[in-house]
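Across the two complexes that follow, subunit A remains constant while its partner is subunit B and subsequently subunit C.
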Partner chain A sequence: MGSFIFKRSFQSILSLIFLVIVVFFLARMTGSPAMLYLPPEATQEQLDAYNALHGFDDPLMVQFGSFIAGVFQGNFGQSLQYSRPALDMVLEAFPTTLALAAVTMPLVLLISIVTGALAAYRPGGAFDRLASLISLIGASMPNFWVAIVGVLVFAVTLNMLPTSGTGTWQHWVLPVAVLVLRPAGVLVQVMRTSMMTALSSVYVKAAKAKGVKARTIIFVHALRNSLLPVITVASDQAAGIVNGAVIVESVFGFPGIGKLMIDSVLMRDFAVIQAAILVTALAVFLINIIVDISYAFVDPRIRHS
Partner chain B sequence: MQPLLSVRNLSIQFPSRAGLVRAVEDVSWDVNAGETLAILGESGSGKSVSASAVMNLIETPPAVIPQGQILFEGQDLLQADAEMRRRINGKSISMIFQDPLAALNPVYPIGWQIAETMRVHGVAHDVAQARVIELLARVGIAEPERRMKDYPHQFSGGQRQRIMIASAIALKPKLLIADEPTSALDVTVQARVLDLLKEIQVENGMGMVLITHDLSVVERVADRVVVMQAGRVVESGTSAQVMQHPQHDYSRRLLAAIPGRAGFSDMGAAKGDILAVRGVSKIYAGLARQFARSKTKPVRAVDDVSFTMAKGETLAVVGESGSGKSTLARMILGLDDPTLGTIHFEGKPMQGQSAADAYKMRRRVQFVFQDPTASLNPRMTVQQIIAEPWAIHPDVLPRNQWRSRVAELLEQVGLKPDHANRHPHQFSGGQRQRIAIARALALKPELIVCDEAVSALDVSVQAQVIDLLKDLRRDYGLSYVFVAHDLALVRDFATSVLVMYGGKIVEKGPVRQIYGNPQHDYTKALLRASGVIPQQAA
Partner chain C sequence: MPSSIPASVTAELQDAHGRRKGPVILRSLLRDRYATASIIFLLIVLAFAILGPSLLAEQARALNLKGRNAPPFSLDAGWMFILGGDALGRSLLARIIVASQNTILISATAVLLSVLVGGLLGLVAGYRGGWLGDVLLRLADAIMTFPSMLLAMIVLFVFEPGVSNVIFVLAVSRIPIFMRTVRAEVLELKQRMFVVAARATGASTSRVLFFHIAPMVLPTIINLAALEMAFVMLVESGLSFLGIGIQPPEVTWGLMVADGRNYLGSAWWLAFWPGLAIMLTAMSLNLLTNWLRVVTDPVERWRLETEAR
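What follows is the complex of A and B.
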């Protein structure tokens, strides 16, 4: 197990390095920050002075070299917008997004495993058809639309929830609900299918022939076998929550990493973009490693192969 | 005396889009304590359905049970409620299944699964654990204390069936239902598992219902037989009666289809070698393992194999799974290259030739694989399937003759010309294999490699397909390499036999010698397990 984690970490580091390179150059293709930060009537001398101050007049490779050297010392550079260390800003925003994901993901898993398992128990029954309809709607509605309609209905019209910001638990309801909807919709379908496969397997028949109770058959024999595909898709969806967070945090004014990324892309705040993406990518790689370990935990065949 | 279990006038129907399927019609059978009843039939005969009804494994709905009784010690199980039947299942009546790998839950240790049978019927945890060790030792699993923590995939097929048996007999049930308990196992393993079942039956005095399509299994263990066809019982009696004086036509046909009882096939005069295999090995490099530091060891699937095969010869390559027989077949077909050694076809090496030469050679060596469902493209019509080789080798037959030639080929393999427009799913397993044979014949090959070409088929269908291959051999002077795991099956078809074990040739010789005077112990064991007794073969 130890060597496995070591190997996966090594692969992840290679991917991270590649990602850092791509982000660095892509960000610089969006244009010069000087045009954004100086007034339109600024002279060429003023623009040059601004670029020289931040090192944007150096050749790209020199800029890249000093960026990489900085990364190894934990220095991601200064934010152009706020003149603060970029990493500090990212680390301040990150816990909010993490908390959002930490509430969303368990909810998604709980909803989809229970709903999917129950739907599979009587395929074609009333519950199954209702669950399929709702999950299909959930999986196919775009996040930003649900978010805006949610604000319109629950905050503006019904006045039940705040429109945006943080502070009370009510502030969390709409963002979490929007983030849960799509992954739960997808996962209910996955769980339903894999539970149906498990329930029609010979080992379930064999358990019935042993006299095992129906409840034990579903929750002990079939459930664990049907979890593998759910874990695979759930890890994709977990990475997707970061994407969702970009939209949801912007709509609800949530000070998380999604909002920070959007703001810094719009403001060509290169240092912050780089730091935010690196930290997010680290989190996604961590999720993948956890998923791989949980595979081995759920399925002994993976442990021994 | 009241029988232990009595199925009376049972009918079971499944609604389907094509109408009501009468899986079982007015079926009656009894089994007494200490007795073995075999329910014999081919796939689709309904032989498993009545037994599944005993275990409450038939879902109603969708299925309908319009009439009948299942009396267990005088009580009608069909009238009992679900909880009552759950209490009987596993305790008084237990069941083992065809494929033990599928029947064992892959994610729980086997000791846990055996103990579960006891726990659900109220045995305390520590008592159950102790009994698991006892049971595993009884069914012949070495080191039971350690192995009880292992998972199903860490055992061989035979061991898994032993584990299923341990779980089934944990509470000393009065009746054991075994649904094709050995048909997924290698021949030599089959015999040992049947012997174990028989021993345990004597020890516990339990009744046994054995569902099978295999007459040699009936001969070996059953006291009485019920023969089923198309959902009905067509004959019943003691196994001696039925085996020696079958009354019903269908039983007679089944008996006549048992392989290994007709005369030997003789080789005509040799006309030179068609195939020469020299020092061939196939080594698969070790695989990297995800959770371990080491690589797995390289596997020698085929290990230094040499033989020659004459034109017109039918060479049976026989061995258990893992013996390397299929790998050898793939190399002869040119689908795989040997790691070491050479294969010559009519004096020319098959490896290292130019693409143009390989293309020419391909048409002379054709193939028939085990599973015709998998080897026929489901989206192509029979016409397209059989004509496809001509699209690849356009010089064989001009396009305007394709349709008439396909019709000819279909007739030759016992199908009808108007079958050409149908798709593979509209045929039975035996018919599909005939289509695959027609495709193999399309290029007028000299050698056909059959990899377990009939093992997925029912006994009577096997016999028909073998007869077809014999006719084609006579008409076209074909040579066959016929890979099989069953020695009985190839006895009256092959002209020579090559026995493989662990990638090596154990014995090779003309068919008379292998069956009449086998030299190697492994060959003898295989013959015993196949139910072909050497004296009988003389």
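What follows is the complex of A and C.
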């Protein structure tokens, strides 16, 4: 188990290094952002001075060397847009997205585990068919569209919820609801399939024969054995939540890392993009490692092998 | 029998009594109402995507004063305005049909590319294994753990966001899924007796891969491709919506939702219908996959056939 986690961490670090290199060189291929930040009537001397100031005129390898040296000192460079350390901006935005994910993920798990388990008890029954249809719709809806329609219905027409921003709990209702949809839709199906497998096993038949109540069979006997595939897919959905956050944050004006990334891509703010991508990737890798460890807690067969 | 179909596939299509399986599959399709409805819907969308722009390009561009901000479900400005009109008086229905071409073209091409590249890499990684397989697998892991939206953002930040670059980005982000799936299947298949037998009779590696193993992996790939196409369509729409995907004057459904967002208070239909089109297409693809999964699973299919007899 220990060596397994060590191996996974090592791989993650290799992937991260690979990612940093790719992002750095890709970003530099766009050329200097001087044209974007200086007025159009700027002279060549002014452009050169701007490039020299930010080090854009150094050879690529020199820029890369100083970037790497900076990363190890926690310095990702300055934001061109706001003249602030890029890492500070990223770390300010990160908790918002983390909070969004921290509210979304337990909701997703709760909804999908309960719905999927109950749907699996009578496959083809009324509840199963309803759950399948709703989860299918949830997984097929474009999240930006749900966000817009949600704003139209609940904010513009019914005036129940605010259109955008943060502050009260009402601000969180629509973004979280939009974020929950797709992962929940996918996970209900996974849970249903895996619960059906668990329910066809011999120990469930024995429990049924003894006259154990359906609810006890599902949630006590079979639940733990059907959780493993759900955890696997849920960790894949962690990357999906980041995808969703980019859209949800920009629709609802949430000051999270997704909005920061979109804004800095549109404003060609190198330093911020690099810092934001590295921090996000690090978070996703950490989640994956935590999931790997949690397997062992859910399934003793893994712990003892 | 057309000679282009590999022998093993045509053999698959005949049951023990040598009867063709086509009618059986068709009958099982008709019995599944959801699958039938989604196939019909997808065929209509496909027809729109292929024929739409050549038939309706004029109507999609024509400015009709009567149709300016026309609300949906009113025939005052003609049936072309059944879904309403935009601020310039263009028919929304015609615009959605014209936009279907880019939407379908982008997602279908991206998925096709990732099936081909991912499938080929998966065959190699699974059959050969070794260091090449390891490197490919690590690379796939690195791409898969990385949110596809971010990957798309970086690449579209560097290169001009246009149709071909969006296709490229989407294909790259989906290749790992196909590679991993094919690899896992090949790892299992290459131990089977029929592969060992083929090798023992002197079949070359490429013959074993493409004539013996590939047809066995095909059903899984087709399922996955339909599912992935729905996903790719959603990502493309999201990118276009954020303004880093397809750029005007090209048009896709995602872009139409983004345009309509500015008129949300006054003309909700501008953002609503294109989004609904995305949802219905993605849903049809998902429903189709559910049915395909049943039909391509030998155990389930056997059950279907014994019932059909």
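The rule we apply is simple: the second predicted complex is superposed on the first by the 289 of 305 C-alpha atoms of A that agree within 3 Å, B and C clash if a C-alpha of one lies under 4 Å from a C-alpha of the other, contacts with A are read in each partner's own complex, and residues count from 1 in each chain.
Here is the rule we go by: a contact is a pair of C-beta atoms (placed from the backbone, for glycine too) under 8 Å apart; a residue touches a chain by one contact, two chains touch by 3 or more.
Here the structure is a predicted model, which is why all the values come from computation and not from measurement.
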| item | value |
| --- | --- |
| Partner chain(s) touched by A:201 [first = subunit B, second = subunit C, both, neither] | first |
| Touched partner set for A:247, first subunit B, second subunit C, both or neither | second |
| First, second, both or neither for A:91, with subunit B first and subunit C second | neither |
| Partner chain in contact with A:210 - subunit B first, subunit C second, else both or neither | first |
| Which superposed partner A:19 touches (first subunit B, second subunit C, both, neither) | second |
| Subunit A: partner with more touched residues, subunit B or subunit C | C |
| Contacts of A:296 with subunit B and subunit C, given as first, second, both or neither | first |
| Residues of subunit A at both interfaces, subunit B in one complex, subunit C in the other | none |
| Complex contact set, residues of subunit A against subunit C | 11-12, 14-15, 18-19, 23, 26-27, 29-30, 136-137, 139-145, 148-149, 151-152, 156, 236, 239-240, 242-243, 246-247, 250, 261-262, 265-266, 268, 273, 277, 280-281, 284-285, 288 |
| Subunit A residues within the subunit B interface of the complex | 1, 3-4, 201-203, 205-213, 216, 221, 224-225, 296, 298-305 |
| Residues of subunit B that touch subunit A when the two form their complex | 55-57, 86-91, 94-95, 97, 99, 102-109, 116-117, 120-121, 151, 153-154, 164, 167, 289-293 |
| Contact footprint of subunit A on subunit C as seen in their complex | 138, 141-142, 144-150, 153-158, 230, 234-235, 237-238, 241-244, 254, 257-258, 261, 264-265, 268, 271-272, 275, 278-279, 282-283, 286-287 |
